[in-house]
Amino acid sequence: MTTASESPVTITASDAENQPERTPELEALYRGFESELLIPLWTEIGDLMPPAPRSKASAHLWRWNTLLPMAERAGELVPVGRGGERRAIALANPGLAGRPFATPTLWAAIQYLNPGEDAPVHRHTQNAFRFVVEGEGVWTVVNGDPVAMRRGDFLPQAGWNWHGHHNNTDRPMAWIDGLDIPFQYFGESTFFEFGPDEVETREAPEKSRSERLWAHPGLRPLTHLTPAPATPLLAYRWEYTDRALSDQLALEAEGYPATAGPGHAAVRYTNPTTGGDVMPTIRTEFHRLARDTETAAVREVGSSVYQVFEGSGQVSVGDVSWTVERGDLFVVPSWQPLHLSTEHGLDLFRFSDTPIFERLDQHRVQEDPK
Amino acid sequence: MTTASESPVTITASDAENQPERTPELEALYRGFESELLIPLWTEIGDLMPPAPRSKASAHLWRWNTLLPMAERAGELVPVGRGGERRAIALANPGLAGRPFATPTLWAAIQYLNPGEDAPVHRHTQNAFRFVVEGEGVWTVVNGDPVAMRRGDFLPQAGWNWHGHHNNTDRPMAWIDGLDIPFQYFGESTFFEFGPDEVETREAPEKSRSERLWAHPGLRPLTHLTPAPATPLLAYRWEYTDRALSDQLALEAEGYPATAGPGHAAVRYTNPTTGGDVMPTIRTEFHRLARDTETAAVREVGSSVYQVFEGSGQVSVGDVSWTVERGDLFVVPSWQPLHLSTEHGLDLFRFSDTPIFERLDQHRVQEDPK
Amino acid sequence: MTTASESPVTITASDAENQPERTPELEALYRGFESELLIPLWTEIGDLMPPAPRSKASAHLWRWNTLLPMAERAGELVPVGRGGERRAIALANPGLAGRPFATPTLWAAIQYLNPGEDAPVHRHTQNAFRFVVEGEGVWTVVNGDPVAMRRGDFLPQAGWNWHGHHNNTDRPMAWIDGLDIPFQYFGESTFFEFGPDEVETREAPEKSRSERLWAHPGLRPLTHLTPAPATPLLAYRWEYTDRALSDQLALEAEGYPATAGPGHAAVRYTNPTTGGDVMPTIRTEFHRLARDTETAAVREVGSSVYQVFEGSGQVSVGDVSWTVERGDLFVVPSWQPLHLSTEHGLDLFRFSDTPIFERLDQHRVQEDPK
Amino acid sequence: MTTASESPVTITASDAENQPERTPELEALYRGFESELLIPLWTEIGDLMPPAPRSKASAHLWRWNTLLPMAERAGELVPVGRGGERRAIALANPGLAGRPFATPTLWAAIQYLNPGEDAPVHRHTQNAFRFVVEGEGVWTVVNGDPVAMRRGDFLPQAGWNWHGHHNNTDRPMAWIDGLDIPFQYFGESTFFEFGPDEVETREAPEKSRSERLWAHPGLRPLTHLTPAPATPLLAYRWEYTDRALSDQLALEAEGYPATAGPGHAAVRYTNPTTGGDVMPTIRTEFHRLARDTETAAVREVGSSVYQVFEGSGQVSVGDVSWTVERGDLFVVPSWQPLHLSTEHGLDLFRFSDTPIFERLDQHRVQEDPK
């Protein structure tokens, strides 16, 4: 039971336009509101209904050469096992109240597994993926299907599938995880279950069974003919991504429309059963900027996380700019303009929450005038 | 710029299982994480990934006979006009950090307009609706179409349509507003624009133009043949809702399947261009429990707000129970079981965020064993 | 077994351009083709691939005052019962080889039931409907639900539902049936099953159960929440159709966009679970032309059948023109321009095969220049 | 103008059950029907509404070693050029009235191009594809994009795209064409336009531009993000099809579910923008039966054409059976059971009209009891 004096609600002066004068009568009314757990719109509207999105999140950059040593040190000090579940260290956006959230909807972490280690099996409603900027040697085992992880591979892991990881080699491996943890946390839709403490298999095949069923362009097995909410393909190999991007740039050079913009090749990872995004809440793409390429400044509803895969370049997000290198991760908050340029070429992996806004008819995108 | 000592991030002891021993080396690593804006999964997993949704929101009841006098008093003290925009007073869930949020995704407010007053014209991406538990005399003007508001009417107002209200009578009127303000606030997708300070028209027709085009069962005008993201019908009149519910109970009495459960008639308000929910983020329904009816306890992902329209009954949400009367509003947080019963009959208006979870493949519903 | 001389295939001289000279060698090749059941494209392309659709069907008019007496005479001479199933007399388009096909895809018939008669129960994959231009007294019983039929009512009857009819009065009744019999006949998708010889019930309620569940604008019962392939609403009453059309014309008079064209009100009958057509293969609409109204000449892929419900007017289809009166039925073949005009007002019921072409991405529509 | 005596309609005695006795009065009525272009249901129902589909088409086999020499002879006698458009020779099902229709909805032809020849450019609403059972050397040029054709390749060609072919080599080439000509002919939806007499380019690249944009598994270019009605990928290469089938059989051997049935690998060609069929009216699949494999007898609404790509086997369709070899083509009419078996292995290409029936909610499939 809350009383007026200890109500969780406090109504304070607002800087919104045209506020009523704070007479004693009005103050008494506000105290009454507080005791009854009521808050007027007119004191809050400026924060709640801005002319355009004002993200609480900041544009921020995390350097790979800072992240990786920290993950290595965690590899020495922190065991991986049941309870903690994963040796994953998340980006905590400085604008998001000290929570491990890269953006209001997205989680991004570096995960690290020592030789011979297992990350135990569990499942959760959160949609997840892994992306490998360097290294190899870990297999993620999804519903018993071991999936090799290697540089440049994108490995989706849709919600409510059993999964664990094992490192079969004598070297450690690091990679990044992306999930919709913050979105499901705010939305309160998360379920979680423990599986076995060890992965079902330590087999380490070159190709997962999912690839043997699904990684054939334009073909689907007759055993799976209905649209699935998320992709059944568990590995999108670098070989194909790289070739698709090179082909786009070559077509552009031959005079055909193929690129997202001049010098800017880009592919979206898709669910082969629908042609849509790989997962209901997360979009993933790979962008390649050729030498001496610059993009227009674009703002979009929703947030993104980028990781530099190769090359270097200049990134500006709103008023902030960085020179980025391999492995660096940066965040683009909602409706902040992103501008990219590179002298020597830049390969970027991107993930975003755009499907949420598209499916709910809230998406907007806009190119800023130069 | 943040330094280590003033980092927005603090890593504290976790009650999650199997935490590593907090040695000096580990503490040093945690301080390093903080300075680099990193947070490990293993200290946070208990909060972020519970076995099932644990809502921050509380089950809570607001009494109409408390709300209405407060709205009347606001009618005396607070002018309505440009800047504050609306004389709306929102339910602030005691679990949600003092924000004017009924649930993590939904806004619910009582709005009040004095005789002769105008609520100025604006538009916003938030989806909205009005529901009238008693009174009449206000017209909401949507893109220039004046829509009468009367007891029992449901009046949807999808995002990005111009709208204002005017009270043409010599009596004040109160009603409730429902919006997806918290959802769009967390998702950072909100846009807002001011329109004229006065509504475009003070006409007060019996029927809106939208009803004359759309309120004919199973018929659509040839001028509008593509699916619209939200309903073009601006008023769902009580006459039809009431008759649909009565017909269901009569059919049940005649031995035909027609009700959601024994004695439990229910309709969903739909978008006639799709048959789906009236708006992309908000579901609205009306439930009628006949005398001596009791429902099973049902839990669902996502949250709801109910308003008692008529009658009385007992409501329990998780461990909390209330006896409810006309106009009372209560909140059902995600995955908390709702159980309803009535001796003399109970009519309930409901709105929820279910479309968000259905469209993102995160919806679950479960009937608790008796 | 076919031999060359009795092959079902004969290759004849073609009037297509640039045919090869019919040398003895070519004739020998053609005889070889025939014996092997082969036909070259080059002799057939003119017929198979015209620049635009050239319908085999003719524009044709059937007069109600001819049809009705013939149906009455059939009522005297032909019993209705198991085997023949229905006392239905179909329009046989003069261009369609003596088959009972109004158009290449659509069946249209007058059906007639004497006082006290039953049309026995059966079901079939063909989609069907009834429309009543005059009279009343018959109930169509669909899956046991008796549905009154009265002037102006449209009564859909989607494939594979059990149905029969009974006449409860002391007067005969006639109405029209529309089905996709020719389409399913060519496509070879038809299934048929006999039910009881007599309808399950001779109840004659004012309203069907389907209407009590579904004929509430914008509302759907919680018992039926998934999209259905065809409408669950079994009667679209004249009262609503008439009001929707009057409202459109009134809105137009007040200066608002509401009509398909000046003086031309029109509604489409829809499936309330999807907002789309009432049945997968058949579109149904009602058009009202106000006094002194004329439409543009429009051509469309696919064919239509119209029945005059009230009033009179001039109809031209390609080169053919008629003055039409109440009850008259006429056919508009694919891609033939339809032009309508009226001095005193004209109410028209229309059905067409358009959903077939829309769903298969073959639909085109074009307004002819004046 | 037709008079009674020369009416295109004739009503003859029916073998349907329970026909009315043919009294003079009834005969007079029937003559009246004829003169008014009317036909009763009761004399026709047996043909129009059978208990299950009774296809007019026959199960029939065409031998490749008969077809190919005839095509070669046509290559000597019949020029290819404007007017005739293509040197294509169609299968004429013996049940389909001497028309060049393999089934009621599908066209199948062998096409033949001599060294240096061009098939002129045109476009049509008919959906088309090519499949190559042997040979190479022709490029099909689609909207200016030259697409190599080689053994095992499937080359879709959706409606209303400009296309021609050129043979760049010193050898002739034959392949099969599949189209929905009969369906669009009966439905009367066909449009056709001539393009240039010669193909736009005689370039002969290894890979088409469409492949460079689209043949990367699970990836789509950011330039094309909306669902397309038909596949933008113009070549599905044998290399991928073969590997997908081999992988399925290997997975089955390892104990995982991957095949359509024991020893029966199968893939469907899909539109990468939707995951659905390559074209709105035509489904295409490739089936591989391992040695000593037998399928269940399956019947399906709609018709199929199969071509043997490799191996040999026994095919039965209803009461008809054949031993089939490379290149042989056979037809499976609607609802006739198909049973396949092979001793040494059998590779089959299939195309069917199933999307028509699925999109119109008329599809059924049934496995016959053994």
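Order of writing sets the labels: A, B, C and D. Residues in every chain begin at 1.
Just so we're on the same page, a contact is a pair of C-beta atoms (placed from the backbone, for glycine too) under 8 Å apart; a residue touches a chain by one contact, two chains touch by 3 or more.
Everything quoted here is computed from the prediction, not taken from an experiment.
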*Set of chains adjacent to subunit A and to subunit B*: none
*Supply the minimal count of touching-chain steps required to go from subunit A to subunit D.*
1
_subunit B and subunit C: spacing of chain centres that average the CA atoms, whole Å_ = 44
*Chain centre separation in whole Å, for subunit D relative to subunit B (CA means)*: 52
*Centroid spacing, where centroids are CA-atom means, of subunit C and subunit D in whole angstrom*: 29
*Which chains are in touch, pair by pair?*
A-B, A-D, B-C, C-D
*In the complex, go through subunit A and note every residue touching subunit D.*
209, 212-223, 225, 227, 231, 233, 236, 240-241, 243-244, 247-248, 250-251, 256-260, 266-275, 278, 285
*Under the touch definition given earlier, write down the residues of subunit A that touch subunit B in their complex.*
2, 7-10, 16-20, 23, 25-26, 29, 32-33, 36-42, 44-45, 48-57, 60, 62, 66-67, 70, 73-74, 77-79, 81-95, 97-100, 104-105, 109, 124-126, 159, 181, 184-193, 229-230, 280-281, 301-303, 333-335, 353, 355-357, 359-364
